[in-house]
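The same chain A turns up in both complexes below, where it pairs with chain B and then with chain C.
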Partner chain A sequence: MTPVLEAKNLTKRYHDFTLKDVSVEIPAGSITAFFGPTGAGKTTLMKLLTRQIPATSGTVRVFGLAYDGREREIKSRIGYVPQEPVCYRDRSVEFNARFAASFYERWDGGAFYRMLDEFRVSREKAVKRLSRGQKTLFAIALAFSHEADLLVLDEPTAGLDAILRRAVLERLRKFVADGERTVIVSSHITDGLEDIAEYVNFLSEGRLVFQAEKDELLARWKRIHYRDGALPPDLVRQLADVRLQPFGSSGLTRDFSALRERLAPGIAAGDVKVENARLDDILIAMHQGE
Partner chain B sequence: MSAILRKSSFFFITHLCTFSIPGLATIPMWENPGMISVMALWVPLWLSSSVLWSERQESYAFLRTLPVTDRQVVRTKFGLALGFIVLYWVILILLIRRSWGATPEYAGYMALASLTCAVSIVLVAFWYVFSWRFGTTALTVAVMAVLVIGLIVALATNLERMIKTHGIGILAPRWLAEGPWIYQVLLFAAALAAYYGLMRVAVRVKERSEAIL
Partner chain C sequence: MFIALSPSNPDPMYKQVTDQIKNAIASGDLKPGEKLPSVRELAEGLKISAITIKRAYLDLENEGYILTRAGLGSFVSEIDRERLRQEKLAEYRAALSGILATGAKFGIKADDLVRVIREIQEN
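Now for the complex of A and B:
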């Protein structure tokens, strides 16, 4: 699949933090998620990918174009939702929308106001008077209203209740449904995003620890539930995130296919059960296993 | 660009009104044309204040999310400020013509207006570069310091002379007025060249800086 965004050896140095040598390719028509703990560098990466901040080194190409000399053209096709709302905070939602609209050739004011109404965000209120969740929804509405080809969202579900979170995720799913538009999303929690993301990346301490297709990841990683003594000790030692449970223990394997044969007798005897691992558990296990 | 222009021009307009209305009203009423020398010396201060307040209200992080380049933003801001400096100059010249048309003092006061506006051109450019490099907090401290010092200097150098003789309190405009007219043209040309140079610097500074985000 053609990458809609390519970053090569992207590095950003601050005095107290460095995002090191990140290379990613984002396939068109997909939802790609970047997970990682707080302070891992997700926001820095999102800002670098959308040219909010300059990189110390490395390159970014979006829609096959480099930002230098084509920034305006590229940004007109990107909808960006920052982690912290950025706009004229003392001015109303409507003022900010009109201001932003003046920069876009393809601005759909009707869609913007319909979304505000759906999310119950007042258009007359000053942005600083909105709640955290409403500010995020306002930013999401802005990003959706200029017929962008690429959405980049930094922690878009933070501060949203369960109903709104689902509504936003559903919109993201619909956005990519035509197979031409793309979503990049970052979050420190997987809640809900694991259902819609096709590609998963994990950042930790400024490094991209892994990139994988979600389905492939979930096929490899499994949670093994077992009665104590049902598995040989060397096999138990290979498991990550081992937890004691009322009727035995459970642990994660990062390569289920390699253990399948050794687990077969236990599964047949009913002493071992295998279930899909949760993305959260996989990410934590990876983080701890570094 | 017109949205940025409209948003940024608010404080330039209000400051220009504040600057010009008292001048237009008081000079004919009080018949005190020496007031113009104080007004002229305050031009850089009014413009510094305009830059400060418009920068404090700006949201460059928002602009970075929109399809507009730093180069376009810088050019818009520099163009706007230059336009307003021209307006200050025109207003001063109109006031001076009204008070001293066809008198020997006219040249001196015109030179004063040209000098302060030329200084303003460079000062405004400097403030923009300073703001984009160090952020609005640093800009606030620096501009406030300059405003206080500038007010004291403007008053100290002019007040006594203005009251007693209605004359200009500083030497440079008199020297400029007594020289050939080309000096004033060269003064503006040098200021504009510096302005253009600082604008190019400003683009590079703004593209690399995160102090304003």
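Now for the complex of A and C:
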């Protein structure tokens, strides 16, 4: 299957930061998440993938096409949600929407205003008077309203309360439900995104440190709680993110199926308990294991 | 003492604490007269709020599993083994009725389960 987006050896050099050699393939009909700490290069990568900025070296192909010469065509099929919407800040939401709509081949104004109403964003207000979360919602409504095939969102849940965050995530989930359309999303937190993402990537200090299928990751990684002395030392040494606590320690295994048999007696005796690991614990453990 | 709390467990945190302390008492891991960690120590060790531990200790005290003496701390009571046994049996009854109901859907009868229990015991 041809990926919707394919980046090869993508590098962007700034005087104080470099995004190095990122290669990634984004499959169609899925949600792919890029996690990483602040300053890891998530925003730079999102901008490179959508050609808001040119790469120092490396290539990006979207819908099987290279940007060179076909930038406008490709961009009209991408809904990009930046952290700070680029627009006329002194003018109203409605003015900015009409302006943005003029760049798109297709525009569904009805869908746009319905979404603004759902998100309770005023259409008369000047963009600069919107809260951070409202600006994001405005950008999301724009991205959803020109029949894009690919959405690229840069931290879309930042600044949203729990209810709106859920509404946005539900929109994203439905967007890819037909199996044709695709979402790429960045976040520094795993709050809610881990439920809907199928592929997870982790960026750190300008490098893509790993890419994985989420379900596989969660099946392999488990948190093991154990009574001190209940596990052989060689097994404990294999664990990551070990938390030594007076009433029972715990650690993460990256390969539960390999340990299953060795853990069985401890589980039967009640000295060992296994639970699903949280995605953010896994991400941090993988990061520290680098 | 070994306590593992899980946010995905449907039981509230204080109940997870009381259940596991009861198990430790029943198994002899905690002995009558033994001093329990202070509320503060246990809260710190388990990384949960002291209020949750306070609630757990209060429940354990009301049910007679522990005694709290002002200024001295909480201690495991002299326990009535028969009562613990009865309580556990009631738990197993509830769990088994669930297993029976699920088994019935697959045509597994009570006799089949009794046979399985015997087999496990013999091995």
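Heads up, the rule we're going with is that the second predicted complex is superposed on the first by the 285 of 290 C-alpha atoms of A that agree within 3 Å, B and C clash if a C-alpha of one lies under 4 Å from a C-alpha of the other, contacts with A are read in each partner's own complex, and residues count from 1 in each chain.
Everything that follows uses one rule, which is that a contact is a pair of C-beta atoms (placed from the backbone, for glycine too) under 8 Å apart; a residue touches a chain by one contact, two chains touch by 3 or more.
Since we're looking at a predicted model, the values are computed, not measured.
Residue by residue along chain A, chain B and chain C are tallied for touches, and B comes out ahead.
In the superposed model, A:S57 lies in contact with neither chain B nor chain C. Once chain A of one complex is fitted onto chain A of the other, the partner contacts of A:C87 are limited to chain B, with no touch recorded for chain C. Residue contacts after overlaying the shared chain place A:P246 against chain C, while chain B stays out of touching range. With both structures placed on the common chain, the touch criterion links A:D271 to chain C but leaves chain B unconnected.
Residue contacts after overlaying the shared chain place A:A100 against chain B, while chain C stays out of touching range. Of the two partner chains, chain B is the only one touched by A:E71; chain C is not.
Overlap of the chain B and chain C contact sets on chain A: empty, with no shared residue.
Against chain A, the residues of chain B that register as touching in their complex are 2-3, 7, 57, 59, 61-62, 64-69, 72, 207-208, 210, 213. Taken together, the chain C residues at the contact with chain A in this complex read 1-4, 6, 8, 23, 27, 37, 41-42, 45-47. Chain contact summary for the complex, chain A toward chain C: residues 225-228, 230, 245-248, 250, 270-271, 273, 275-276.
Those residues of chain A that touch chain B in the complex are listed here as 50-54, 71-76, 80, 82, 86-90, 96, 98-100, 102-104.
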